[in-house]
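Both complexes below contain chain A, partnered by chain B and then by chain C.
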Partner chain A sequence: MHTYEVFLKRDGQEEYRHAGSINAPNDELALLLARENYLRRAEADLLWMVDRAHLLVGDRDFVAPNSDKPHRDNDGLLVAAHRKSQRGGM
Partner chain B sequence: MTPMTPGTAEFLLAFADDEHLMGQQHTEWIGIAPFLEEDMAFASIAQDELSHAALLYAIVTDKGQGGPPDDRAIDRLAFDRNADDYRSAQIVEVACTGWAHALVRHWLYDTAEELRWSLVARSELEPLRDTAARAAREERFHVRHADGLIDVLVRTPDSAGRLAGAVNDVLPLATGLFDPVAGEAEAVEAGVTSAPFDTLLPEWTDRVRARFPDIDIGAIAAPASAGRARRHEDFAALMARMNEVRSIDPTAIW
Partner chain C sequence: MGRTWSSMHDFEVFLHGGGMVEVDDDMPDEYRAAVFRFIELHANSELMGGLTERDWIPRTPGLRHKMAVLAKTQDEIGHGHLLYMVAADLGVKTRQEMLEDLFAGHSRFHNVFHYPARTWGDQVAICLLVDGAAVPSQKSVYKDCSYGPYKRILKRIIAEEGFHLRLGEERALRIAQGTDTQRAMFQQSIDDWWWPALRLFGPDSKPDDRLARWRLKSEKNEVMRAGWVQKFVPMLHSYGFTVPDPGLTHDPETDVWTCGPIDWGPLKKTMAMDGPDTARRIAEASAAWETTRWVRDALDAAPAGAVT
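Now for the complex of A and B:
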């Protein structure tokens, strides 16, 4: 059995969204089983599936070093306050 | 002249009864199919068959007018007739308690069903034509589903052996699907269906041979034709299970 990740999308501007996963012995059955498990109530118009073995994975060690760099965050609050004061303190 | 003659009604009832009982049998695998995804998939396919049955019963109850379905009248046809009044083939009545048998029946039945709908694709009866178009869209996935599972299973000797045994057991009953039903000639005459179902038996047999090339189909004895008139011994228990909840309160609205 392989584990596949299932992504669904509706027509229009909505992006593909992860819907869940599914176990299947091969690609053909993965598609057919996803059709009956994830699309039986017309949940989407388009389907992507990917074998989990083919996902590119960034693990915690790879991702975490960017979690303690507040100097990279800019929520714009200081700039907004400054501009507000220059307009006459409304 | 309306094509909805008494013979046509008989013809439609046989089709509806097959779809109804086949759908019911497949739903009974919910929770006990070999793996979780298949549980849901098989039951979902079963619901497609049940909806085909409901659409066919609806054509009978409103005499092909294509009006809103009368659920009570449909239920009376589906659940309340005497056993002798059903027109189902024994393949949909027999209990298949092993997965190999259920899967082989799924393949044999849906392969036949796909052909059966093709005969009414240009029916003079408009609601039947519409139902056929819808069913055709669904059936190709049903057959693909059965094919996909069999493709995997035939690669291991144990599974292949179980499937071969199941074909031996189930195939004789499956040919009963093609038994002429009362009213079929009349339905052909009225343009409800383009030809008797058994004209497609050779095509179906070719597909069976291609699917199970290692099985000597000619050596499997054909049973005496039941002609859709005799119920299989498993029929009564099947009906009892279907009516178990409903019979608690027959007046309940579902």
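Now for the complex of A and C:
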């Protein structure tokens, strides 16, 4: 038995979203069970599934370095303060 | 991998700040156990409820309602499927172990699934009063649920339970407009199911409820129960039915209905696996598991890999 992760998407809207997971012995039955459990009332138009064993996961430690890169952002505060002082001066 | 907390205090500060727990987090053991028990109880109840629905597929009157019962059965079994998946991912018990415990009478399911559904009137009362209690209960869990995987699955479960409740409301209206025999049957079903459905909310919440502190519940039991009484008493009265509560009171100023004293004895009996239909229900569930063994065996024997 394999555990599959289920992703759903509506046509023309949003990105694929994780909907949950499901157990199935093979890909064919996984698709069928996902349709009958996650798409019972036209909740989406497209379905992606991936065997959990094949998911490539970047964990929190891998992602963490990029949460501390302020030089990649600009908060615009210096210019905003300048504009405000200009308006105040008129 | 996941996040970790140095103490229960730190974890509760995280929860209090609106934090969401995910499956790979190193959550405190007490929280993991409580979330698991909560989801296992829900999963067991969906499975037991789905099996009762299944019993009624051949007996449901009319093709349209028969098809609706088929869909409802599929929904409930599907909910069990998804919830066992979320519960198993917590690593406390496997799905197999949860099912074995259920069939051995070692794990619980909700009180309303310990009673027999004898007539079509009972099925209508269950679909109205029990689903009418399940929807607000599940919504209160969903609203502020701290465990992410459960919250995400609850969203779709609540949407489907909403269909069931509307089905129950339609059935109740139709039976109210039926013959005298049908109305008498439904009155008997209200008499039999009113209190079990009301007791589904449980006794009044304790002031320091751990499940509330950990954001697995966001509403007090007594508040949800009062809302349920306020919804169904006027509805059933307007259809010309009575509610079997001699202590029921009505405040003409506020138009609020309040139920009389509640006997919690029957709830305790069902929690001790000693309800009127407990043994038969468990035997039925266990038999259904055995008679479908060939499907699981066939699935296990199916070739793995891609669709050709």
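As a working rule, the second predicted complex is superposed on the first by the 76 of 90 C-alpha atoms of A that agree within 3 Å, B and C clash if a C-alpha of one lies under 4 Å from a C-alpha of the other, contacts with A are read in each partner's own complex, and residues count from 1 in each chain.
One rule holds in what follows: a contact is a pair of C-beta atoms (placed from the backbone, for glycine too) under 8 Å apart; a residue touches a chain by one contact, two chains touch by 3 or more.
Every value quoted in this text rests on a predicted model; they were computed, and no experiment measured them.
Within the superposed three-chain model, A:Arg35 lies in touch with chain B and out of touch with chain C [touch as defined at top]. Applying the stated contact rule after C-alpha superposition, one finds that A:Arg83 touches neither chain B nor chain C.
In the overlay built on the shared chain, the residue A:Arg60 is in contact with chain C alone; chain B does not reach it.
For chain A, the partner that touches more of its residues is C, with chain B and chain C as the two candidates. In the superposition on chain A, A:Pro25 contacts both chain B and chain C. Annotation: chain A residues 1, 22-26, 28-29, 36-37, 40 touch chain B in one complex and chain C in the other. Note for the complex: chain A touches chain C at residues 1-3, 18-29, 31, 36-38, 40-41, 43, 59-61. Against chain A, the residues of chain C that register as touching in their complex are 1-3, 24, 71, 74-75, 78, 81-82, 85-86, 89, 95, 149, 152-153, 156, 159-160, 163, 299-300, 302-307. Residue ranges of chain A in contact with chain B, taken from their complex: 1, 22-26, 28-29, 32-33, 35-37, 40. Chain B meets chain A in the complex at residues 35-38, 40-42, 44-45, 47, 141, 144-145, 148-149, 151-152.
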